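Paired with chain B in one complex and with chain C in the other, chain A is shared by the two complexes that follow.
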Partner chain A sequence: MAGLPRRIIKETQRLMAEPVSGITAVPDEHNSRYFHVVVAGPSQSPYEGGLFKLELFLPEEYPMSAPKVRFMTKIYHPNIDKLGRICLDILKDKWSPALQIRTVLLSIQALLSAPNPDDPLDNNVADHWKTNEKSAIEQARQWTQQYAKASINNH
Partner chain B sequence: MSGEVSRQMSHVSEGSAMGSDGNSSEDLDEDDYYMDNYDDLDLDCPSKADDPEYFEYEPLQVIDAERMLNEEIETLCTTLKVNPSTAKMLLFGHNWNKEEIIDNYQRDPQGFLIESNLASRRKPDRLVGAKPVCSVCCREVNPDRFLSVACGHMFCRECWDMHFQTQIQDGITTGIECMAKECSILVPEDFVYEILTQPKLRDKYSKFSFNDLIKSHPRLRFCPGIDCAVIIKAKECKAKKVECEACGAVYCFKCGLNYHAPTDCAVVKKWLTKCEDDSETANYISAHTKDCPRCHVCIEKNGGCNHMQCPSCKCDFCWMCLGDWNNHGSEYYECSRYKENPNIAHESMHVQAREALKKYLFYYGRWENHARSLQLEEITRENIQTRTQKKVMNNEGTWIDWQYLFHAVALLKKCRYTLQYTYPYAYYMDKGSRKELFEYQQSQLESEVENLSWKVERAEIVDRGELENQMDIAEKRRQTLLKDFLEV
Partner chain C sequence: MAAAPEVSLSSEHVQRLLQCAVCLEAFNQPKILPCQHTFCLSPCLEGLVEVRTRTLRCPECRADHFVPRGGPGSFPNNLTIIAFLELSAGAVRREAVFGLPEAREPSHQSREVAPAAGGYHFVAEDPMAAGGDGGNGVFSCSVCREERSISRCSHCDQLVCDECRRDHMTQVRYDVMRTIAQIRRGLPQITDQLIILGRKEVQFQNRCEEVKVDISDVFEKHVRDLKARERALQEEVDVFVGRELRGLGVFQETAQVENASISSFCDSAEASLSLSRPITEGDLMEMKRQCMEHLETIQCYEDGITRPPTIKQIQASMESPFLTSTINNFGDLIITSRPLPSLETPSQRLPSRIDDRDLQDQDLSPESRLSRASVPPQLGRPMNRTVETIHQASRAVSISPTQGRRERQVNFELDQILEASRQPSHVRGPNRWDRQERRSDSRLTGLEAGRAPSIMRQIRERTRHRSLGGIPTTRDVLDEREESSDTDNDLLPIELQTELVRRRVETEGLGDDNERMGSPQLEAAFHPTPQPAIRSYSFLPEPLQYGNAVTETAVVLRSLEEETGPQGSSNSNTASVYVSTPRNRYNQKGSSMCQFGQRGNDLGELTCPRGVAASPMDDKIYIADSNNHRVQVFSNRGVFVKTFGRHGQDEGEFDYLAGIAVNGLGQVIIADRYNHRVQIFDRNGVFQRAFGSEGCDPGHLNYPWGVACDNMGFIYVCDKENNRIQVFQSNGSYVRMFGSQGSLPGQFVNPHYIAVSPDNKVYVSDSSNHRIQVFSLYGDFLFSFGSCGNLRGQMKFPRGIAIDHQGFVVVADSGNNRIQIFRSDGRFYSMFGSWGCQRGHFKGLEGIAILADGKIVVGDKENHCVQLF
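Entry: the complex of A and B
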C-alpha cells in the first residue's frame, strides 16, 4: 500500500476490524482506492432480503472530494437511476472532508429505508412513488426478488 | 455619468468624425432630434421624470469597480469596527445592504455574526496529547500546526490547504465552508490567504472572489457582451436598458438578457424558453414566403415593412394577415389581436391543445416576424448609407443634410424593437380590459411602425417633413405604451 494516504489506510483497517452491520466493504486486490461493497436491504423496507452490490472509488482528491459510489445491482428506487447513480446530498454539495466511507455507506443504507420521491433522480420511478406508493413499493419488492438475490450468486 | 449624457456625448463625437462611423447615428434618439429641430415649437419633449425608459448608469473598468467595492468594505469596517474580511463576507451575504447590516449588527453583534455563518457559540476543539491526530488526514501533527475558523473545528494546515485547493478548482471562493461535517461556518479570505501556498491558486482565488462580489452586488453587472471587460454601475437594480459604450451590447440591467420592455424579466425568460422548445414546429409552420392573396404569385419578403405590394398584380396587402392594406388604417387592430375561440371551455382536450398551439403560433409568428424585419431594416440602413455617400460625392447636399434619414432608421428600429417585445407580454396577459387596452395600443404602435417603415424604404421620394412627422407619431405611440405598461 505504498503511496496510499494514511487516512485511507486507517479507514480501510477500521472497516475490516469493525464492520458496520449489514454492510461489507472490501478493497480491490489491485487497487486500494476501489472498494467492492455489498449493502443488505434494510428490514421493513421493500429491499429487505436483498443484497445490493455497489462500487465505491476514492478519487485522487479524497477526502477533499467525495467518494464516487454507484449501485451495480438493479434497484427500483426514486433516488437511484438506471445506471445505479445515487442522488444523495453528501455525495455532492454537502460533502465534508470529515465524512468517511463508513458514513457514506450508512447514509446509502438509510436512503433505502426512506426513499425521497420529492428530490428524484429517476422521474418515472418518483412519479410512480407519488401517485401510487403501494404499487411502487410492490414493484421495488419484486425487483429485489428478481435482481438482488441473483446478482450476488451470479457474480 | 447618466445614460442621457453618454448618448449626447456620442452625438458630439459623431459630428466631429463626420460620417466615418455610420453606427454612431444609431445612438441618436428622438430627444436630440427634438432639441435640434423643434426648440422653438415648444413640443413636449420627454423629460427625465416622465421618460419610462430613463435609467442612470455608468461603465466602470475592473480597477474602478474594485475601488468602489473596497470603499464600501472600508466604510463598513470603520462603522462596525470589524476586519475587512468579515465586512466583505457580511456585504456579500446580505445583498450589499449596508443600512440593514449596520442595524442588525448594532442590535446584536454576536447573534448577527452567527446568523451570517461568521461566528459560533461552539466551544473550540481541545487538542489532546503532544501530537494530536488531524481527523481529516489521520496523521499525528504538532499542535502549532492546527488551525480553525470561527467554529473552532481544528484541522491541520496541510488539510486546510488541500481543502482550499479543491474548492477553488471547483470555482468556490467566497462560499468556502469549514471542513467539519454539517458545519456551515464560512472561511474568511484572510484565513485562506494565510494558508494557501500555490501562487497560481492565490490568483484564482482573488479573481473568482472578485467575480462573486460583482455578481452579488445588486447595482453592478458584468457587461454580457462577448469579451467585454466593462462593469456597469447603476443607481438602482431595475429592468432598464443599458447600452455598453465599449462593445455596443444592449441589454436589461436586471437580468442581463436582451432588453425587453414592456415585458418583465421573468416573463421574457419564460417566453424565450418556450420559443426554444417550440420553435421547430413554429419555424415549420411560419414559412418565409407567402402567396399573394389576389394573384397567388409566391412572394419573398425582402424588406422590413409589413405593407406588401405584389410585384405582379400591384395589390397592397398586409404580410401578417394577408388582408387588404387599404382597410388596414382603421382596422389594424384586427391584425395584432389574437381572437380566442369563445367556446374553448366546452371543447375536448385535443381541440384545446390545438387552440393553445394556434395561440402560441400567432404570437410567436409576430415576434419572429418583427425580429426578421429588424434584420432587414439593418440592410435598409446600409443601403441608405451607400446611396447617401453617392449623393454627397455628386454634390447633392452634404452629409449633414442627409442625417435625418439615419435618424429615421434608428428610430424605426427602436420602435420595432419595442413592438417585438410587446408580443410575449400580450401572450402571457390575462384576458380582460387591461389586455384589450394593451392590444389596442400595440396595434396603434404596429400601424405607425409599418407606416414609418414604408416611408423609410422610400425615403428619397417621401417628403422630409412627412417622414419626420411619421417619426414623431411612431415614437409617441411607443412612449404611450411604455408609460402605461412598463413597470417603473
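Entry: the complex of A and C
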C-alpha cells in the first residue's frame, strides 16, 4: 500500500466493508491499483445468471482521470467489443473525480441491463441488435451461458 | 457538561457529510462552487483546473465554472462546513482516542471556563504554562479533557496528559517509521542520479580530451605552416642576396675592366706623347677622341650616371598587429548547456584547406571570415579588416626593388599568407564594394565604374613619369591608389590585382630571372597594380617574347581583354564582371554525370527532394528530402552518407522542409516550411536552434522556402508567402527584410530560392514574376534579368539558383525544364536539359547547388532524384 493515495485506500476499505450487491472488487495482492472484479449479470437481462470477470486499473492520475476497465469474459453486447473494451461515457469524457470504483462498476452493471446499440463499439453486434433484437438477445444469452459460467468456474 | 445533540453531530453520518467527494477525506479548506457543491481546495479543486481554458468542471454535477484570476483558492469558503468541522473536531479526536463520544466543549469556552470552574490548580510556576500560548492556564488535557498530570507535547505543542501523550507518541513513532520507509524507497533515485552523473563526468572528460587533442592538432599544423613559411622566406632572402651579389659582381667587373683599359690608355698615350716621336695627325685626333670618350666615361662616374647598382635594402616586415591579434584570439571554445551538442573544436571551425596552396586556383569558399567570428559578425568590423588586409597586401609588395630589374616579393607578410591567401581573392574585393555601396548607396555602379579607368590612367601616367626618372616605386603607386580609392570611391576590382600578383608568383617559379632582366615593359605588366597594365596596351608585354611563363600571363590578360572589349571596361556597367570564360565548362555540360535517389522513404531514397546544398567544408551534398521530412547527406559522388530529422514540430523535426544551405562552419540551415521556421543543425546533424514562427511581422515567416548564407554568416530566407526576403543573424535574431508583393523592381511574387554571390550580391528567383532579381546585401535593388518565355535567357517559374565562384549564375528554369547559366550581370551564357524522366531530363526542377569541382547538383522533385552535371 506504499505510496497509495488515501482515497484509494479508503475506497478499497469501503468496498470490502460494504460490498455492492452483485459486484465484487478485490485488489490484486501485488498491485493495489489493480482490481479483480466480478459483476453479476443483472436480472431481466440476457446476461442474467452470468458472472462476468472484469479487470479494473486505477491509473496514476486517479481520481483525476478515469479508471481503466475491461471485460475479461466474452460478452455479446453492442457497447463492448471483442477485446472487452467498454464504450461508457463516464469512463471517457464524462469522468468525474466524484465518481468512485463502486459507481463505475454500478454503471457497468447498468449498461448490461440497457444496451445502447445507437452508440456502438462493436458494429456487428450493434447491427445485429438493431436489425433483429430478439436474435441478438438470444445470442447474448447463449454467450452468457457459454462463457460467463465457465469463467467463474475456472476462477 | 455532556450535551446530547453534539453526540449526534459526531456520528458517522455527519462525518460523511463533512467529507470531500474527491479525496474522501474531511474537508480541508472547503470551497463552494457556484453550483453549490463543495470540495477541498488542495489537491482536489486545484487538480481539476483546466489550465488552458481556466475552467473547472464540478465533479458532482459536471457544471463548468470559470476559475477566478486568483485560482480556485478564490472561490468562496464554505463557512457552514468550516463551522461544522470545528465543531466536530474535538469530538472526532476523542472518538479516535477513546472510542466513545465525550461531552465536549468548544475550545474557546474551555479556556474561559476551566480556570474559574475547576478547583484544580496547576502549578502556577510551571514553565510550560508560563510559556504557553498566552499563559492563560489551560490545565486540562487537550485531548481527554481530564485534569491529570499535564505536560506539553513537544511534537504538536499541546497540553496533554501522560496517557494521551503515550498514545500520541506511539502514533508519531509510526508516522516517523513510515516516513523513514518512504525515504528509503526514495534513496535509489539519488543513487541513480549519482551513477548518471558519474557517466556524464566521464563523457565530459573524454570530450574535453578530444577537444584538447583537436586544439593541439590545429596548432601543430599552424606551427608547421609557420615554419614552412619561415623556410620559404629565408630561401627567398638567400636567392635575393645571391642575385644582387651577382649584379654587383657584374658591375664590379665592368668597372675594373674600364678602370684598367682607361689607365692603360693613359699610360700608352702618355708614353707615345712623351716619346717626342712624331705622331701623325690622325693618331693624335684618334687619341683626342679616345680621351674625350674616357673623360665622358669618368664624367659618367662622377655625375653618378654610371654608378653601381643601388644596394637594395632588404628587411623583413614582420610587424603585424593583425596576425598577433589573430593569434591571440585564434580559436574559440563554444560552450553550450545543450546535452549532446557540439563542443565545436577550433579545427572544425577552420577551413580545412588553409595550407593548400593550390586552392588559390580553386574555388575558395569564403569561410575564414566566419571562422573567426563565432559571434555573428558586426557590420562594421569585417569591413575594417578588409581595408586593413588590402593595405597590408599592398605593403607586402613594397620591398620589391625596381630599377629595371625583375622584382621579387620578398616579404609577403605573414598575415597575408595566413589571412589573405586563405581568403578567396574575390572576397576581399567585394567587401570593398560593400563599403562603397554603403558609403554611396544610391550611386549607380556604372557611374563609378566609368570613373575607374580615368583614375587608372592617371596612375599609369604617373608611373610612367616616374619610370623616366628611373625609380618608380611600387609603393608610391600603391599608396596613391589607396588614397584615390579612399577619396574617389574608385572601383578597381582588387581581385584583378590579386589574381595577377598570384599569377606572377606562379610564373616566377617557372622562369629564369636573368632571362627577363631589364625588361621594363614586363615590369610594368607585372606591376602589382596591374589594372593599368590591362587597360592600357602600351604596358602589355608582347605575348611570345618572354617565354612560357609570360605567355601564360599574356593569355590571362588577353582573356580579360576579350571580356572587357577593346574599349576597356568603360562600357561595362557592372564592374564586377571580370571573367569571360567560366572554369566550369558550362557549354559542355548537359549530360548527367551521376544520378541518384528514387521515390521511397528508405535510406538513400527521396520523395520530392527540394533544396540541395553543397557543403563547403567537406563537399557533401545535403538534400532536403521534403516529403520524407528529413535531410539526407550524400557524398559528392552520390553515395549515401547519413540522414537526420523526421516528421514533427519539435526541435530537429520537419514538416515539408524546403530550402537548405550550409555555411562556412558546416552548419546546416533549413527552411522548415510548414512549421514556418528555420532550423540550424551543426555539421553532425545535431539540432542547434530554430527561429521564426508563422506570421507576417518582422522575424515571422510564412512558408519559408529558400535559404542562403553570405560569407559573414547572415542567413537570408525567402519568406515565400509574405513575398519578401528576411535576413537573420546566425544566431537567429532578425536583422532586416526587403521586398513586398508586386512585380515592380524589388517586389516579389513567391520568391522561391536565393543565393549570395562571391561578390556579395543577393540573387533571388522571383518565381511567379519569371525573373531573377539581384540586390545588394542590404536589400537595395540592383538589377533583374529574365522574363516569361522559353527563349534563351527567358524563364518560367525559375526555382533553384546557385552561383559559382566566378559569379556565373545557374538557374533552374522549372517551367522550361532546363538549366540556364548566366553571367553575373545577367547576360545569358548557356543552357541545357529538357523535359523527361531519363538522365539529363527534368520534370520538376527545384534546388540547385554547385560542388567544389564545378559540378552542378540539381534536385528534381517530380523524378524524385538528384542529378549531377
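A few notes on this one:
By our rule, the second predicted complex is superposed on the first by the 154 of 155 C-alpha atoms of A that agree within 3 Å, B and C clash if a C-alpha of one lies under 4 Å from a C-alpha of the other, contacts with A are read in each partner's own complex, and residues count from 1 in each chain.
Note that in this section a residue touches a chain if its C-beta (ideal position, glycine included) is under 8 Å from a C-beta of that chain, and two chains touch if they have at least 3 such contacts.
Just so it is clear, the structure is predicted and the values come from calculations on it, not from any experiment.
The superposition on chain A brings chain B into a clash with chain C. Contact with neither chain B nor chain C is seen for A:Lys134 once the two complexes are overlaid on the shared chain. Contacts of A:His30 after superposition: neither chain B nor chain C is touched.
In the superposed pair of complexes, A:Gly3 makes contact with chain C only, with no contact to chain B.
Of the two partner chains placed by superposition, chain B and chain C are both touched by A:Ser96. Contacts of A:Ser65 after superposition: chain B is touched, whereas chain C is not reached.
Of the candidate stretches 181-189, 289-297 or 343-351 in chain B, only 181-189 runs into chain C once the two complexes are overlaid on chain A. 5-7, 10-11, 63-64, 94, 96-99 are the residues of chain A that lie in the contact sets of both chain B and chain C, per the superposition on chain A. Interface of chain B with chain A (complex): residues 135-139, 153, 155, 159, 162-163, 165-167, 179-183.
Interface residues of chain A, counted against chain C in their complex, comprise 2-3, 5-7, 10-11, 63-64, 94, 96-99. Across the complex, chain C meets chain A through its residues 21-25, 44, 47-48, 57-60, 62, 181-182, 185. Interface residues of chain A facing chain B in the complex, by the touch rule stated above, are 5-7, 9-11, 61, 63-65, 94, 96-99, 103.
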